[in-house]
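You will see subunit A twice below: alongside subunit B first, and alongside subunit C after that.
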Partner chain A sequence: MNKQELSAKINEVLAEEFEVDIETITPEADIKKTLDLDSLSLVDLVALIEDTFDVKIDGQDVSKIQSFDSLYDFVLGKINA
Partner chain B sequence: MTSFSEKSMPERIDINDLIPQREPVQMIDTLYEATTEEAHTGLSVSRDNIFYEGDRLSEMGLIENMAQSAAATAGVKNHLLGIPPSLGYIGEIKKCIFHSFPTDGEHLHTYVRYVSEAAGVILYDIESRTDRASCAECRMKVFIDE
Partner chain C sequence: MKRRVVITGMGIYSCLGYNLDAVLDSLYNAKSGIVFDPLRKEMGFRSALTGNITTPDLKSVLNRNQRNYMPDQARYAYVATAEALKNARLDQDYLDSHIVGLMYGGDSTAEPTYKSCEAMIRKQDTTKVGSGAIFQSMNSTVTMNLSCIFKLKGINLTVSGACASGSHAIGLGALLIADGLQDIVVCGGAQEVNPYAVGSFDGISAFSTREDAPEKASRPFDRDRDGLIPSGGAATVIIEDYETAVKRGAPILGEVLGYGFSSNGDHISVPNVDGPSRSLRMAVERAGIDLRDIGYVNAHATSTHVGDQNEAKAIYNVFGDVRPEVTSTKSQTGHEMWMAGASEIIYSMLMMQNGFIAPNLNFENPDEDSAKLNIPSKRVEKKFDIFLSNSFGFGGTNSTLIVKNLLK
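Up next, the complex of A and B:
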């Protein structure tokens, strides 16, 4: 899976789970603001990524990610690890 | 992953070592298995239970049982570190479905599975059932007061 395919899939599942317009999800956009994430819902993002891509990720690492582009790179790194 | 299953633990672990709740609000009386990722707990349901309403255990009783079972899973980490159990708080309950309600004399089995963790919040999938039928299932967020 290349980065373009992966970002499209991530955008699709995030838009559905967090009920936001997929057009608002852009590489440079702030994840927490766009998805309206708080300390309780961040774990939903982690669980969704893990379930969708069958990877194990550390919630502490995800909490430091600011943009969607950083998230794409992070997940791509996990898939290719 | 350290397991407290009966096969590996040197002595039977007491539920009081994993959760701070005590009678009459303690909703677990048997600990079949507990690891940092899953747990299997039991509760013998009786009319004396504080959450027993009418002719059955109430919705709140089932939720409390599931929450304490999740906290027991989280409590394994404290136990490994040799520190007392911490209070766990329910952050959110999603996908909660009640199928049936246990009655006096039935034994409730609750199965907890760790899903994910972030920012101090732990996500668990939980199912409670008797020998007769499934009682309830949910996805629960718990945060532990460190």
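Up next, the complex of A and C:
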């Protein structure tokens, strides 16, 4: 899976789960603001990414990620690890 | 000096309707809310009968995170509470600037508990259970959700008293107001409707098996009753200090005159006569009224053999030859369990406000004890100004409320 395919999939599942317009998800946008995430719903983001891509990720690592582009890179790194 | 406690708002989400008007219509026209649920049969239930209720879609009024913490019963309770607050003329500005309490009856949240445990075992990763599971699966889920959504700042407490939970919540809330500790308390009861919540109840042969005629299955006080039908939803009753209600120009619908309670101190599931009798007497004494003032008794009667029999004995013990109409609205709704004590206050209020008593459906032949009571099987057109409502639960917990009409 290349980054473009991965980002499209991530955008699709996040838009559906967090009920936002997919157009608001851009590489530079702030994840927490765009998805209205707090410490609890961040757990749901982690679970969703884990389920969607069959990877195990640390919530603490994800909490430090600010932009969607950084998230794409982080998940890509996990998949290719 | 004890303060007077009045009812200023009501809201309901029940198998008889999803608002007060719809429920009033169902009561007046003696509609049954009981259906056959094929899923329960597939799951091996002895009885697949249940109150018919769907989960409200709250997407347009609550955001994703708010809904994520809410099991079905909290969603029912949200709808009922929004209706009650509106009718009580309590808007968000008022709630933001005053101390308003919340006491709701609830005694299980089985479906989210089951689903989160199942996910834990299947996925072997607690993160994947999701952030909503903990809040959905705690017994106080309804009060924790409603208090955050409506920004309530007073007492915040779930009352677990089995099938008397909703009634105790109102009674305890009334005590707080009477003592001056709260001015307004949002009270009620909520009951989840799903197979997981009642499967073990079905397993002890408590449910009616008249599956061929769901509307005939709930037959409180009838000689040929064969068990209860589980049901649910949510009911909200807003109670308030009389002076506070007058000062803010609230609609004053009724007054909580008396709250009685007792414990049987006996068997875990088999009710007795002494405990309920003491609860009834305590409520009447605290109300300071004559038994002849009570125009209607809303019985707890669930359509079980011993429960109805012993309640009939208790009512006869207390009322003797004073024979107000006695009915069980569970003949229409089934047993709304944790919700019942609150919903039955609303059913009784609606009947009192509109001058009728809904029939005790399926009361065709009395038994020895119900024959001593005045149980109408047809609707009675009658004006009455005071009613008494019984609620009893497993473990022998009993609650009785007496309410007076103040609607002009």
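FYI, the second predicted complex is superposed on the first by the 81 of 81 C-alpha atoms of A that agree within 3 Å, B and C clash if a C-alpha of one lies under 4 Å from a C-alpha of the other, contacts with A are read in each partner's own complex, and residues count from 1 in each chain.
The rule is short, and it goes like this: a residue touches a chain if its C-beta (ideal position, glycine included) is under 8 Å from a C-beta of that chain, and two chains touch if they have at least 3 such contacts.
Because the structure is predicted, anything quoted here is derived from the model rather than measured.
Enquirer: Using the overlay on subunit A, decide if subunit B and subunit C clash or can fit next to each other.
Expert: clash
Enquirer: What is the contact status of A:Asp30 with respect to subunit B (first) and subunit C (second): first, second, both, or neither?
Expert: The answer is neither, since A:Asp30 touches no partner chain.
Enquirer: After superposition on the shared chain, which partner residues are touched by A:Val46: those of subunit B (first), subunit C (second), both, or neither?
Expert: It touches subunit B and subunit C both.
Enquirer: A:Ser63 in the overlay: touching subunit B, subunit C, both, or neither? Say first, second, both or neither.
Expert: Only subunit B is touched by A:Ser63; subunit C is not.
Enquirer: With the two structures laid over each other on chain A, which partner does A:Glu19 touch: subunit B (first), subunit C (second), both, or neither?
Expert: second
Enquirer: Which of 73-81, 127-135 or 343-351 in subunit C clashes with subunit B after superposition?
Expert: The listed stretch with clashing C-alpha atoms is 127-135.
Enquirer: Touching subunit B and also subunit C: which subunit A residues?
Expert: Touching subunit B in the first complex and subunit C in the second, residues 40, 43-44, 46-47, 50, 59 of subunit A appear in both lists.
Enquirer: What residues on subunit C touch subunit A, complex-wise?
Expert: Going through subunit C, the ones touching subunit A are 59, 63-65, 68, 125, 127-132.
Enquirer: Can you tell me which positions in subunit B touch subunit A when the two form their complex?
Expert: Going through subunit B, the ones touching subunit A are 91-92, 115-123, 141.
Enquirer: Provide the residue numbers of subunit A that touch subunit B in the complex, in ascending order.
Expert: Residue list for subunit A touching subunit B: 39-40, 42-47, 50, 59-60, 62-63.
Enquirer: What does subunit A use to touch subunit C in their complex?
Expert: Those in contact with subunit C are residues 17-19, 36, 38, 40-41, 43-44, 46-47, 50-51, 56, 59.
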